[in-house]
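The structure under discussion is supplied below as structure tokens; questions concerning it will follow.
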Amino acid sequence: MLFKRIESKGLAHYSYLIGDGEQAIAIDPRRDADVYTDLAFKAGMRIEHILETHRNEDYLIGSPGLAARTGAKIWHADSELKYEYGESVQDGQEWRIGGLEIKARHTPGHTPGSMSYILYNEDSVPWMVFTGDALFAGDVGRVDLLGEKKMPEMAAMLYDTLYEKLLPLGDHVIICPAHGSGSVCGSSIADREWTTIGLERQLNPQLQYSDKNEFIDKISEMQERPPYFRQMEKLNIQGRTILDDLPIPKPLDVKAFAQQAKKSQVLDTRSELAFASAHIPGALSIWTDGLASFAGWFLSYEKPILLTNSGPEAVQTVRTLIRLGYDNIAGSLGGGMLSWHTAGRESFSVKTLTIQDLCRQLDKGQEKWILDVRKQQELDSQGKIPNAHHIHLTQLDQHLDEIPTDNTITLFCGSGLRSMVAASYLQQKGRKNAQVVLGGLTGWNSSTCSIK
Amino acid sequence: MLFKRIESKGLAHYSYLIGDGEQAIAIDPRRDADVYTDLAFKAGMRIEHILETHRNEDYLIGSPGLAARTGAKIWHADSELKYEYGESVQDGQEWRIGGLEIKARHTPGHTPGSMSYILYNEDSVPWMVFTGDALFAGDVGRVDLLGEKKMPEMAAMLYDTLYEKLLPLGDHVIICPAHGSGSVCGSSIADREWTTIGLERQLNPQLQYSDKNEFIDKISEMQERPPYFRQMEKLNIQGRTILDDLPIPKPLDVKAFAQQAKKSQVLDTRSELAFASAHIPGALSIWTDGLASFAGWFLSYEKPILLTNSGPEAVQTVRTLIRLGYDNIAGSLGGGMLSWHTAGRESFSVKTLTIQDLCRQLDKGQEKWILDVRKQQELDSQGKIPNAHHIHLTQLDQHLDEIPTDNTITLFCGSGLRSMVAASYLQQKGRKNAQVVLGGLTGWNSSTCSIK
Amino acid sequence: MLFKRIESKGLAHYSYLIGDGEQAIAIDPRRDADVYTDLAFKAGMRIEHILETHRNEDYLIGSPGLAARTGAKIWHADSELKYEYGESVQDGQEWRIGGLEIKARHTPGHTPGSMSYILYNEDSVPWMVFTGDALFAGDVGRVDLLGEKKMPEMAAMLYDTLYEKLLPLGDHVIICPAHGSGSVCGSSIADREWTTIGLERQLNPQLQYSDKNEFIDKISEMQERPPYFRQMEKLNIQGRTILDDLPIPKPLDVKAFAQQAKKSQVLDTRSELAFASAHIPGALSIWTDGLASFAGWFLSYEKPILLTNSGPEAVQTVRTLIRLGYDNIAGSLGGGMLSWHTAGRESFSVKTLTIQDLCRQLDKGQEKWILDVRKQQELDSQGKIPNAHHIHLTQLDQHLDEIPTDNTITLFCGSGLRSMVAASYLQQKGRKNAQVVLGGLTGWNSSTCSIK
Amino acid sequence: MLFKRIESKGLAHYSYLIGDGEQAIAIDPRRDADVYTDLAFKAGMRIEHILETHRNEDYLIGSPGLAARTGAKIWHADSELKYEYGESVQDGQEWRIGGLEIKARHTPGHTPGSMSYILYNEDSVPWMVFTGDALFAGDVGRVDLLGEKKMPEMAAMLYDTLYEKLLPLGDHVIICPAHGSGSVCGSSIADREWTTIGLERQLNPQLQYSDKNEFIDKISEMQERPPYFRQMEKLNIQGRTILDDLPIPKPLDVKAFAQQAKKSQVLDTRSELAFASAHIPGALSIWTDGLASFAGWFLSYEKPILLTNSGPEAVQTVRTLIRLGYDNIAGSLGGGMLSWHTAGRESFSVKTLTIQDLCRQLDKGQEKWILDVRKQQELDSQGKIPNAHHIHLTQLDQHLDEIPTDNTITLFCGSGLRSMVAASYLQQKGRKNAQVVLGGLTGWNSSTCSIK
């Protein structure tokens, strides 16, 4: 038997490949699907079916490409949508691979047509359940995607899904969700790589409410919806996003890069500290592991993208971008920032402060405009800095006019990473004096400062 | 500076990637071109030009695919041909990559429009020369491809190429040919991985003749021309053979395999000894490293191909097949031969003899019909077995009626590998009693036998 | 959090690496321990503790080497043994790694001092349990290692371990045993890579008995005990088996190999079919995946070992051998069997029959001495061939005088693999006419034969 | 035939593995010798001899470790030294590997006992020559290692070596030196990866002098001699530096790291820009590719080393350090600099200027103390900044009292990399106001600035 979980970092997306004998099934494959064909090939198996747990809104599904390459059949959940390819799963539908059996269950709530897939062993005992975005380790799926009005209805459906369909499978069943910790699809997924129904029954905060009403009440929360979700949904319906090979960002010399930069968005995924010292004027800073979460808020699909890294360091960046449908990568800076500087070009910097620096400034009462870009939740749970303003990183563009242009802006987040994203964005928007506190609130909480 | 030689085993084909700064050039790329894009990407370079040294007849050129993926320009030699893509090289044309310069020289002989490319260093001293099939280590290009009538003319052209264009570059120049030892494009290429003009001047047997006439006389030899050459030439002209990904042979269960086998050609690339013990009735044996040389003689382009290996062992087989344009791989035997046997299926075998067994038989005067399938050249240089018949492996189909159907046929080659190809072919043609001498003439020459 | 299961193929041995923050723990590491240091290094973690679940008898434990390389502490179970290194685990002992907690439980039965390790999450809920050889997927540990007399006592202890300590952890707990399907440590471990307490409660045949007495009765069974177990136990106590690097078998030319072979045991791990066609006289055939199970029965620790494969194909062979303490690898045959034959050397063969061949012989009443080398269990469950003699492969040496020397011996197993081991052994012992039925009983059961 | 050149980046050191049949020879192996055993193993060869071209002063030779692992014989050049292991090469000594022949020639000049090894092909024509540090692409070996007094004598010997022994081998011979571009062993080795005697005769500036006297005069130049050379020489004589495995720097948490840092030297190999933004107080900045050249000037062998990177990024750092004999790596910062900041720790920064910033300052006449840390040669060839002071990076400690403590020091090199090393060193020495010009002189020369 073959059982592989494939993690797409950044997206914290889990897909699966299950096989027995010569047959295999892929569940929720990602767009750069070479990993599935490689694994199946090495195991001497052919992928016969591709099962989707729900319409995906946070990444491009790899089903069309994987089907084109293997001849596998695509089975869509959320089948009321007008998919231009593949077939619709039916509740109760079954597939056999070798000695194993997989059965579809309709498990709505996150979306109206969400499906879970139950893997039975040879004795027809439920063994694993692929829950998509219905049930995670430590969280349940968000129910706000159809809008505020529909939310209670979706939450009620999810309650029934959980309590009538998933939990009754039994404590012993291993849960295989579509996301792990760090996803935009569940706000507080736990760092528990492997879990079971029984563990979730005991540990999942969302499964501890007294009744259905409390559940509906507590989980019905409008969450942020990155603008790129709409793009993903549309493209996933059309299925025209087959990827033959990973795009290769062409290394450009400094002059060609500078020329191309005029009509492009420059993305800088180097460490936040390197960005702070020197970066190409106008570049956006997003650290590699944060790219999947924040690209969709800050990068446009219309403008070409330029990378400031070239060579192997750019591989993870490219993979993340194409999973989000950013195929228009116009090039990279050959030789990296060193070539920029040895060409005598201008670069910008962002001032960084340590926690101690901040304390000293606060002690002296040197007035600064402190801006905390964390989520509201984090403010509630981790605490905050006295007198700080608060705008969540993803909301900066909507509150731009609240941010002064003539003052030093001291940025603050959990660790310094998101602050640097904010600093780069604010520089683009004319706030030249944005500076970043290294260590962020975690550092603040670890240190002593008389002002606290 | 980047300089990489890429060897395609089996074909003994050399291609090259040369780069400086952010620019790179590929010379004679192979069809599965991932290796060039990977190398260039890691080096932070973009491939801008693809240079071909001549029309290729022994493999599918990778220029169309590599150009599609990188945007590089294709430059054809032999430009009197009606290429449906790319541009024609001009004699004397120059390219710059970083600080390096590459210049085309018309070096006809192997083909009328063959080009060599001379790499100059920054001081314009010739440094390396990419000779295609004009000059190899220990050999020169064959001149028989345009037919017997044109041969002397081609040989004369090659003489001028060598003595007026290549050797005058200077003893110090490093030679980068399109083939190494083992190619079908030069009958006696030396196992000298790196060589120079000066080394060839001294060591290459074809550069030791007293004058042009002797050269023409000695090298004008009609050699075998595998039937697939024509297919390669046609497809290379059309350029429609872009390969997105390596095909994955689908593992089939025994029943499906047996069904498919009826309308397919079964290719068995396991070791010749495993084939001898048991193989699928009708299967053709070609060992992995011999596939590039012999597939073109024994495999048809019309019929689908089935492989008896699945999983990673099949990778090299698939690469070789697609380099020769055999894209129609219908599947592989899931679980390999073990699954065939545990399904209770019939298999065939080939009897093997050691040299000692053969000696004992010869000593006893037990009459056997011995068939030596080596080339004439090998018979001349290595010697032969007394009373053996001789038909070169690739000529078996044309001399089939000379081979008895009712007698035991004892096959003989250099080592036993080609004999097993012959045995599998003769089994297909009703000679059930073909048997193979292990060790072949090399073993014969190493041992003592009173009959000798 | 880091959780990795490392499988040692052949041994079907599972070891584990668990980490959080910068700390990691290894459980039952194998001797070639590079895999743990690599994984920890990539994750930015240091291995601080090495936990053993029990004295290991079927492979060399990697604790001494891993401790030497990392500075980790070794914690032995079965602590009444006189370990010459490391420290003894106490029942109830706890370790912290990052936010996780691991606790030892004394779970005797397989051995008197077996330990299980329970991993708790941050809320102190039991999450996973590392059961060593106490509880597997589909089986429980064997209880015969201390001898027949102690068996009921051990079985009773195991019952209490299972019903009082392991099952009460809860259905939701994930089980991480020391072996998977194919191990010599559990005769019928299921092919269920991931399992839970609840799944085992329902599916494990050994957990379905009505009471303790029936359990003791049913599982108390003397199983085979390969002779190498004693060697492993002794060496594991001494801990002097640190391995700096994998040994590299030196490729020898044919003459040197033949010379060395006189004082060595020649091991041939090529496919059973290649062995059948031709092998070095006196060589022992064990296929790669069977090596861990059968080396300990057929290879001596005193004599040097020679391999007939060289190059990368030998890597898995070497890894398996050193895991079993066979460090004395004297060399390999440079160029493989081809070089043997081209040197004109003698080789032996083994005749192979298909199931159809066998049927035809049986139909004709051609008397053969059929020898089935499967386990008794397999005979009971899969059935047998009429009139076959039966000696389990591992018992051949003790029943050698029952096997005729002048008759053809037709060997039979499940698929043909073990039969070839037997054929090679019998050839060593003067039974020149051993022949092997391809497909074995599985093939027999798949086909029709009038004799059945 | 096997021919592999192995490059050790940073050191720009070339070693070689040559094989034929089952035999191989290694020339000047590096200390982490896994690469040779891997390559030989894959090729099915055994390493029988290890040839050294000369005493090595710039890295630890891998001969003792490679011999221990393979049983190969070690052959030392410079055999008047009291080597505690291995044997001495004799002038004219020969080795055979398969069909190839290698012959030693005494080629003194760089050291008194330097040897070159000439590879002959089967026809006894010289094919390649392994010249050690006698002859490079574009340069010849330095002759100052025995001191100023001996220099003319050494230069004279080198002249004879070149003109009587190496050049007469013939223009066609391929040169395989011990170093490529970037080594500390030849001040101006060319970026010409492959070269021949004929190419060097034409292109090598050191081979263009009119006679022996001019040669001696021109090449007799005292060059810098990093203090670690003495350590390397001593250890290479003793041969006790066998390396079983690469050391693994243990990731430490912030507190343990800070504690250990008090008695250690903290090495920071992140990009110079990241270092500039924030680094651990007292850390030394050397970028990864510069480590081999500068570690020997700035790191002590007595104090433990701490790394600020952990995980895979540290691999190259560790390899470089152990090649230089820095085995005492006490640990790494778990979680990298992010963990340092989220622990609320203090960090230091280095101000960076672009070329434009510098121009503006110069234009305004804002007086700064500019310090150029390039080599004299570079000043001569690339030009310099008006009014800059000059101390070569490696001489800073000897001229420390010339550098003001109360002024801003504006550091300048070729690109900004060495300036950051200087800045980190000067910070350690109390010059808090060191700042670095990005792009260095290359940037300066690319830009316009009214002050020029």
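Letters are used for the chains, namely A, B, C and D, taken in the order the chains are written, and counting of residues starts over at 1 for each.
In the analysis below, a contact is a pair of C-beta atoms (placed from the backbone, for glycine too) under 8 Å apart; a residue touches a chain by one contact, two chains touch by 3 or more.
Everything quoted here is computed from the prediction, not taken from an experiment.
> When the contacting C-beta pairs are counted for B-D and for B-C, which pair yields the higher total?
Comparing B-D with B-C, the pair joined by more C-beta contacts is B-C.
> Considering only mean CA positions as chain centres, point out the chain farthest from subunit A.
B
> Counting in whole Å, what is the centre-to-centre distance of subunit B and subunit C, each centre being its mean C-alpha position?
Whole-Å distance between the two chain centres: 43.
> For subunit C and subunit D, let me know how many angstrom lie between their CA-based centres, rounded off.
That pair's centroid distance is 48 Å.
> Using the touch rule from the top of the page, what residues of subunit A touch 2 or more other chains?
In subunit A, no residue touches at least two other chains, as defined above.
> Taking the touch rule as given, give the residues of subunit C at its contact with subunit B in the complex, in rising order.
270-271, 273-278, 337-338, 340-347, 349, 352, 354-356, 415-417, 438-440, 442-447
> Where on subunit C is subunit A touching in the complex?
My answer: residues 1, 3, 121, 123, 125, 127-128, 170-174, 191-194, 196-199, 201-203.
> Which residues, counting only subunit A, touch subunit B once they are in their complex?
Interface residues on the subunit A side: 21-22, 34, 37, 40-46, 69-71, 244-245, 248, 250-253, 310-312, 332, 334-335.
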